[in-house]
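Could you have a look at this structure, given as C-alpha cells, before my questions?
Per-chain residue numbering starts at 1, and chain names A, B and C are given in the order in which the chains are listed.
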Amino acid sequence: MRDIASILPLSVDRVSFTGEGRKLVDVVSFAVPAGGLTVLLGPNGAGKSLTLRLCHGLLKPSAGEIAWANGAAGRVKRHAMVFQKPIMLRRSVEANIAHALAAAGISGIERRQRCGAALDRFGLGERAAQPARLLSGGEQQRLAIARAWALRPELLFLDEPTSQLDPAATRQIEELLSGLVAEGITVMMSTHDLGQAKRLANRVLFLHRGRLVEDRPAADFFAGPLAPEARAFLAGELIW
Amino acid sequence: MDFGAIFQAAFALMVGLDPAFLAIVGLSLRVTLTAVLIAALIGLPLGAALALARFPGRAVVIVCLNALMGLPPVVAGLVVFLLLSRSGPLGPLGLLFTPTAMIVAQVILVVPIVIALTRQIVEDLWAEYRDHLRSVGLEGLRAIPTLLWDGRFALATALLAGFGRASAEVGAVLIVGGNIAGYTRTMTTAITLETSKGDLPLALGLGLVLIALTLAINAIAFGASRIGARYAG
Amino acid sequence: MTAIDRRLLLAAGFYAGLAGLALAQAPAAAPPATTAAPGETRFITVSSTTSTQDSGLFGHILPLFKAKTGIEVRVISQGTGQALDTGRRGDADVVFVHARAQELKFVEEGFSLERKPVMYNDFVLIGPKGDPAGIAGTKDIAAALVKVQERAAPFVSRGDKSGTHIAELALWKVAGVDIEAKKGPWYREIGQGMGAALNSANAMGAYVLSDRGTWLSFKNRGDLVISVEGDKRLFNQYGVMSVNPAKHPHVKFDDGKLFVDWLTSPEGQKAIADYKIDGQQLFFPNAQQAGA
C-alpha cells in the first residue's frame, strides 16, 4: 500500500461549513504537505475541531473543496483520526485494534501481526485481553492512537488528544506523537494548550471565529504573531 | 384460601414430574423460546436499522412501535386467529390450533418490544461510537454488526423483556392454540383452565412453577451477562 | 471486500436461507389431507363446550376412543355459540354441544349433514347456603326464579351465548320473567365460562345456573350448595355433529364420523355412563332415544 502515490499534500481550498445558520468555518484555505506536525491553535469555538473533521471526511463542506494528492482517496482511507474523548468499543484492548483493521478490510495473519505490532509499539501488550473501557484515561488515549497507527495512516488527525488527561499522561502522549512524526507520519492536531503547541508544532494554523487568521512556521509564530487576535491569545487574553 | 395447599400443589408438581405436567412446561418453553428467537432474528436488525436510518415518517414509525409494545395479547391472538382460520386468508395452511400458531402470535407480541428496545439501545450506542465508526469507514448498514455486538448485554435485557411478555400472556395462545390437552396446553392456559374448574390451589401452584421458571431463566441470563460484561467492559 | 462486509453478506445469506426454508415449509404444511400421512399423528379437532371439558368427561372417554381407533381427539372447549362458529368456519371436524335448537339450525344451514343425540345431564340452580331468595330444597325452577327476581337476590349469568346461557334465558321465559326488562344490579352477566361463573357466584354469594357435571367436579365451592334440582325443565341434552365436507372440503370427515359413531355406539354410551365423580354419574347416555 505504501508504494502507491502519496495522498499528501492535502489541499483545503476555500472551505466553509455552515451549521445552525452560522458560518462555523469561514472560507479556510491551506495545504498539508508530507511530514511534520501541524497544530491548529485557537480559543474554544474557533473551528479547530470542525476543520479536522472536514479534512477527515466526517463532515461535508458547505462550500469549497478538500482534495488529496492522489485524487479520490480510494476505498481504504490512508488518514486516521483520534478524538478528544477516546471512543472505546466494549471489547478487549486487542479486539479494539482488530475491529478497526477488520473495518479496513485487513484479515487473517496480517491482522494478527498488525495487532501485535501495535500492542508492542504502544506498550499495551500486557493489557491486550483487558476490557478497553476499564483502562485509565491516558491508557485509553494511547490505545486510540495505537488503533489509528495500526491502520498505517500517512496523515493522523488528533482533536485535542490530551485535554482530558493529567500532566503525566499528557507528557506520555506528547512523546508518542513526537515518535510518530519521527517515524514519518504526518500529524495534524488541534489544541488550545499553548505550551503543548510550543513543544510539538512545526507549523501553526491559528483559527479565530471560523477564519484562518495566521498560517506560519511555529518558531516564527511564537516569536511574534502577526494577527492581533493571535497576539491577544498568546498574551493569555481570552478572546471569543 | 389455604396457602399451604398452594405450595403443596406447586411442590407436588415440581417433584412429581408427572409426564402431562412436564409436557405442558416443555411446550410453554418451546413455544416461547422459539417465538423469542424468531423475534430476535427479525427485531434486532430491524431495530438497529431503524436506529441508524433517517427517513420521513420515522418518528411516526417509532411512536407506532412503542404503542405496539402495549398491544393486548387478545388482539394479537384474534388477528392471528382470523388469518389462520380455515375461512381466513391463510386457512389452507391448516395452522390454527397448533403450537405453530401460538408461536406466530407470540412473535407478533414480542417483535415490537425487541425492535423498540433495540432501536433505543443502538441509537444510544451509535451516539457514542459514531465518530470512531465513521472514521474507520463503518456507516449505515455496515455499522450494525458492531453496534449489535457491543450492545449485546443491553440487548439481552430486551430479549428477556420479550420472553417475559410471551411467557406470561394467555390471551393470544388461548385463542389460537385452543388449549388442547397434550397438544397446545401451556402453563398459562392450564392455569386458566384449572381456575375455571375451581381448582385454585392447583392453578396457583402452576403459577408458582411458572414464576420459578421465569426466575431461573432471568437469573441465568443475568449471570451470563454479568460475567460477559466483566470481560468486555 | 472487508471482514465487516463479509459478515453482512453472511447475515443476508442467512436471512435469505431462512426465508427459503419458511417458503419451503408453507406448502409442506398445507396438505388438505383428510387422513394423516403415515408416521404423523392421526387426529381430529372437536369443538365442544366448557361443561364437557371442565367436568372431566373428555379426560375419561377420549383415551378409550384413541385406544380403539388410534385417533387422537383434540378438544377446543368453548361456549356452545362459539363452538358452533368454530365448526362453521371449518376450524373443527366435529362439534359436540348442548343447545338443541341451535344445533338443528347448524344442520339446516348445511354445516352438518346430521345431528345425533348423545347424552344428557341436568342443570341445577346453585346458590349460597344463606339462601336469600328462600328457595332452597324446592323443585319448581320457574317459581324459584320468580322469587330470585322479586327479591333481587344476586344472580350470576354466563352471558356468553353458551348452551347454559341459552338454557337460562329459556327458563326465565318459562318463569314469565322478562329478564331484559327486569334485570338490575342483582343480575350479573360475566361473559365467561361455567367454571368462572361458579367462581364468581362463590365470591358474590349469588345464585347461578350450572350443569350438574361441572358442579360435581368443581372444587372451589365455598358456601355454594344446590338450591333447586329435579325439575324436568332443567334437562340438558347434548348433541354431536360432524362438519359437512361439502362446506369445508379439508375436514376429516371419515375420522370425524368414526368419533360420532363411537360416541353413539353401545361402547361409547357405556363409557359415558361409566364416568363418575364420588360415585355420582354425571352424564346419562340417550343416543337411542328418539327426538332427544
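The rule we apply is simple: a contact is a pair of C-beta atoms (placed from the backbone, for glycine too) under 8 Å apart; a residue touches a chain by one contact, two chains touch by 3 or more.
No experiment lies behind these values; they were computed from the predicted model shown.
J.: With contacts counted as C-beta pairs, which pair of chains has the highest total?
T.: Counting C-beta pairs in contact per chain pair, the top pair is B-C.
J.: Going by average Cα coordinates, which chain is farthest removed from chain B?
T.: A
J.: Chain with the smallest distance from its CA centroid to the overall CA centroid?
T.: B
J.: Centroid from C-alpha atoms only, then distance chain B to chain C, rounded to Å. What do you get?
T.: Result: the chain centres lie 30 Å from each other.
J.: Centre to centre, by mean C-alpha position, how many angstrom separate chain A and chain C?
T.: Roughly 76 Å, centre to centre.
J.: When the C-alpha atoms of chain A and chain B are each averaged to a single point, how far apart are the two points in Å?
T.: 46
J.: Would you please write down the residue numbers of chain B that are in contact with two or more other chains?
T.: Within chain B, the residues that touch at least two other chains are 137-138, 142, 146.
J.: Touching at least two other chains at once: which residues of chain C meet that condition?
T.: In chain C, residues 2, 4-5 touch at least two other chains, as defined above.
J.: By residue number and range, which residues of chain A touch two or more other chains?
T.: As it turns out, chain A has residues touching two or more other chains at 103-104.
J.: Considering the complex alone, what residue numbers of chain A touch chain B?
T.: 56, 58, 76-77, 80-81, 83, 87-92, 99-100, 103-104, 130-134, 151
J.: What residues on chain B touch chain A, complex-wise?
T.: 128-129, 131-138, 142, 146, 150-151, 230-233
J.: If you look only at chain C, which of its residues touch chain B in the complex?
T.: Touching chain B from chain C are residues 2, 4-5, 7-8, 11, 15, 18, 26, 29-32, 45, 50, 53-54, 58-59, 72, 74-77, 89-91, 192-196, 198-199, 202, 217-221, 248, 250.
J.: Quick check on the complex: what are the chain B residues that touch chain C?
T.: That would be residues 41, 45, 85-88, 91-97, 100, 137-138, 141-142, 144-146, 178-181, 183-184, 193, 195-200 of chain B.
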